[in-house]
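Several structures are given next for inspection.
In the two complexes that follow, subunit A is the common piece, with subunit B as its partner first and subunit C second.
And now, the complex of A and B:
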């Protein structure tokens, strides 16, 4: 007997969410492919020269990552919106329209990136080809489209909760979506002073990632823990408030670590350094609380792959954001490491640990429901696939992180600290054996990551297909008394 | 105000920074497990980890060329990281009751 993926098991919001998830997985693959192309160009600079230059590959690699993660978050929210609010989504048709507009816009933007690539450097370029700001290169028409789609998303979430059932998750999520759409506007105007321009640009880059995205993930995680482990609502909502307070307390002014070297006033050195040193506190809270939780409900759950990815999230977030971030965040060392492969190393592990993992965990929750609440616990048929996918992806990303760490150390030492950031020091560092060997190893681990992705995509398509058992009904966890 | 890391301290700075976070993790982990299993040995391990954290933090502060007022701030942050797992554990118990 086989269980097909059947949309009759899904409500309206979940059907829309599935569309977001499918595009997210496709963009995840695009991220990996263009990352590999850019990686090859470190070793063979002539590779695709004049056809797909490094700047184009790098841009598509990073943009695809940002967009697939956003697609995953939006899909996850649409997935639980009807269940959380207790009613149908208010503007489901509008939400579907928003999905197709966003997807069409992403397709056109990527096509222009790849086929047109550059323009004359005037307003036409800014509006129709490339805005020119790193990480948010989308041309202005697409920027406006992104804000419109975010506002549709906000309307759907806020209006559905207002007309339905309000909750702690609903409140935090709604406020966060205001910030998600609002902060993007900070990257949509120009000033002639490059320092001021960078000042606002970092609002989008840092505050999206270390504030609004973290809170969004907090909301998704809260809902996930209730449905994966049976954790009581009161507990997840209380901890959602605590984590949001800790993240905002340290994360907002942690923004200062991007203001060290852009021409901002000197006090940002102290503010950025101090608040960056506070940023591991939410991670420490997460560690203590997760151990407490494991003692309460012994991690009994109905979806092993999803829980494994949630655990990978906790470790990946701690290592990538905590350890790798703190190692080079104080201005005394950041003077040398800023913008080197050290940053790339931190970025790879932090984005994987904090965001890719939680999205993948949610994909597994979605597939379970899509197949009619199929059993995905112990002795699952074909469980080797998700285990190997998790292992290969994690080993691949960790290996790339270590390789880039060595390259970054060499770069910051030889080019910056010893060579004083001169032109000749730059080339000395870029051609140093430590750098070249690290880049070669990065490619090896890149292939391992791709193998993990292929296995993940295959698993998401077939997991639970030949399973006959239903997932058990969740029993709310008991309280642990005493301390 | 900010004096960059000396060349000869370059590697040790990264090492000390990573040690700070790993010692903080070891402290939080061993403290939490000691409460979960009511195990005194683990509590001693937590104390040891906190000792390593103190050493690593002051080592890092020295490598980062911090002076005067900054040491007071470092001391306050150390105290904060010391009580954080204890408070978070209590909060966990209180919120789960």
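And now, the complex of A and C:
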């Protein structure tokens, strides 16, 4: 007997969510493919030269990443919106329309990136081909589309909660989405002065990934812990408020660590250094919280792969965003590491640990329900697949992170500290055997990451297919007092 | 849960979250206003666009313990002295071209971008491009045909031909010259200009 994926098991929001998840997984693959192409070019600079140059591959690599993660977040919120609010989504048709508009826009933008690539130095290029600002390269027309779709998403979340049941998660989520959509506007104007350009550009990049995204993931995590482990709502919501206080308390002014060297006043060295040094604290708190919750529930849960990925998230977020971020955040070291492979090393582990993991955890929750609330506990048929997918992806990303870190150390010493950052010093560092060996190792671990992805995609398609058991039902834990 | 101490209660943390977020954001707004007033072109840390008419250097400052941009004497770019409006127009063309050609996904500007090609923050002052007499010409030739005029330093990495016109190349060079005069708090450290100081 096999259990097919059947949308009759899903509510309206969940049907919309799986569409987002499918595109997310496809874009995840695109991220890896273009990352590999760019990685090969470090070792073989003539590879695809003049056809798909490094700047194109790298742009698609980082854009696919940002977009698949956003798709994962939007999907996750649509997934739990009806359950959390206790009513149907207010504008589901509009939400569906938004999904297709966004997906069509993403397709056109990527096609133009690949086929047209660049344009003349005028306003037309910025509006219709490429804005040329890292991470937010999407041309202006697409920016407007993104904002419209985000507003539809925001409307659905806010209005559904208002008409249904309000909760702590609902409140944090709604306010966070206002900030998330609003911040994008800070990246939507042209200015010649590059110091002002980068000042506002960091509002978008930093206040997204180091503040509002973290809080958004906190909301998704809060709901997941209740759903997965049966953690009591009061505990989860109190922790969520603690997280918001710590995350925004450190992250908002932690923005200053991007203002050390872009022309901004010297006081940013102190403010940025101090607050960004505090940024790991909420991530430590998350690890403490997750260990506590898992311990209280003796790791009893209704979806083993999802919980394993949640644990990977807790540690990955702490290591990648927290430790790797802290290592080069103080201006005294950042003077030498800024703009080197240190950043790449940090970026790889942080985005994987903080965001890829939680999205993958949610994909497993979705697949479980999609197959009619199938058993995903002990002795799951074919469990080796998710375990190996988790292992290979984590080893792959960690390996790339270490290889890039060594390249970053080498670059900081040879190019920066000794060579004084001239062009000849830059190339002396880039051609050094330590650097080239690191780049070769990065490719090895890149292939391991790809293998992990293939296994993950395969597993998501078949997990639970041959299970006959239903998932166990969880009872919310009783209050700890009086017992 | 009537025994919960105040510091473990949901309402305490809810209020804390709201106040901390609002306070931090307010402080950021105030600092943003102050920073904007200090980084507007021509107000101090970021030079006026006519700086492209001047000689620029980057020298170690004993008091600050890091290098600072030094602006002295006339050194018109491409032999022309530009007025404020013309200078801004040329630098703007350069900035728009730098965005249109997606330079930032190979190079870094002010240290931000990708790491496949050299940082452009002080590229104007880099000894690799020779003395000021030949520098603009060498840069222009390179930008207009980077494959034929490749500078790979044994790395094999070549900038692709991006169809940069002569006008756009002049704009880019003007932009790089202007950017090299921004006070970046000593970044990049230990950078020695063609002048050798």
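We adopt the following convention: the second predicted complex is superposed on the first by the 475 of 483 C-alpha atoms of A that agree within 3 Å, B and C clash if a C-alpha of one lies under 4 Å from a C-alpha of the other, contacts with A are read in each partner's own complex, and residues count from 1 in each chain.
Criterion: a contact is a pair of C-beta atoms (placed from the backbone, for glycine too) under 8 Å apart; a residue touches a chain by one contact, two chains touch by 3 or more.
Keep in mind it's a predicted model, so treat the numbers as computed, not measured.
A.B. asks: Name the contact category of A:288: first (subunit B only), second (subunit C only), both, or neither.
C.D. replies: first
A.B. asks: Between subunit B (first) and subunit C (second), which, if any, makes contact with A:417: first, second, both or neither?
C.D. replies: In the superposition, A:417 touches subunit B and subunit C alike.
A.B. asks: Which holds for A:270: it touches subunit B only (first), subunit C only (second), both, or neither?
C.D. replies: Touch partner of A:270: subunit B, not subunit C.
A.B. asks: In the superposed arrangement, does subunit B or subunit C reach more residues of subunit A?
C.D. replies: Per-residue touch count on subunit A favours C.
A.B. asks: One more residue to check, A:199. First (subunit B), second (subunit C), both or neither?
C.D. replies: In the superposition, A:199 contacts subunit C only.
A.B. asks: For A:79, is the partner it touches subunit B (first), subunit C (second), both, or none of the two (neither)?
C.D. replies: Neither partner.
A.B. asks: Determine, under the contact definition given at the top, whether A:168 touches first (subunit B), second (subunit C), both, or neither.
C.D. replies: Only subunit C is touched by A:168; subunit B is not.
A.B. asks: One more residue to check, A:21. First (subunit B), second (subunit C), both or neither?
C.D. replies: Neither partner.
A.B. asks: Report for A:322: first if it touches subunit B alone, second if subunit C alone, otherwise both or neither.
C.D. replies: Touch partner of A:322: subunit B, not subunit C.
A.B. asks: Mind working out whether A:335 is in touch with subunit B, subunit C, both or neither, as first, second, both or neither?
C.D. replies: In the superposed model, A:335 contacts both subunit B and subunit C.
A.B. asks: Take the contacts of subunit A with subunit B and those with subunit C, and give the residues found in both.
C.D. replies: Residues 234, 238, 242, 266, 269, 335-336, 417-418, 479, 481 of subunit A touch both subunit B and subunit C.
A.B. asks: With touch defined as at the start, can you tell me which subunit A residues reach subunit B in the complex?
C.D. replies: Residues in contact with subunit B: 234-235, 238-239, 242, 266, 269-270, 273-274, 277-278, 280-281, 284-285, 287-289, 291-296, 318, 322-323, 326-328, 330-333, 335-336, 409, 413, 417-418, 479-483.
A.B. asks: Given the complex with subunit A, which residues does subunit B contribute to the contact?
C.D. replies: Residues in contact with subunit A: 1-5, 7, 10-11, 13-14, 17-18, 20-22, 24-25, 28-29, 31-33, 35-36, 63-65, 73, 77, 80-81, 84-85, 88-93, 95-97.
A.B. asks: For subunit A, which residues are in contact with subunit C within the complex?
C.D. replies: Interface residues on subunit A, with respect to subunit C: 38, 41-42, 44-46, 49-50, 53-56, 58-59, 117-123, 125-126, 129-134, 137, 168, 172, 190, 192-199, 201, 234, 237-238, 241-242, 244-245, 248-249, 252-253, 255, 258-269, 271, 335-336, 338-341, 343-344, 411, 416-424, 426-428, 430-431, 479, 481.
A.B. asks: Subunit A touches which residues of subunit C in the complex?
C.D. replies: For this pair, the touching residues of subunit C are 1, 3, 8-10, 13-14, 16-17, 20-21, 24-25, 27-28, 31-32, 34-36, 38-41, 45-46, 88, 91-106, 108-116, 118-119, 121-123, 126-128, 147, 151-158, 160-163, 165, 168, 171, 179, 182-192.
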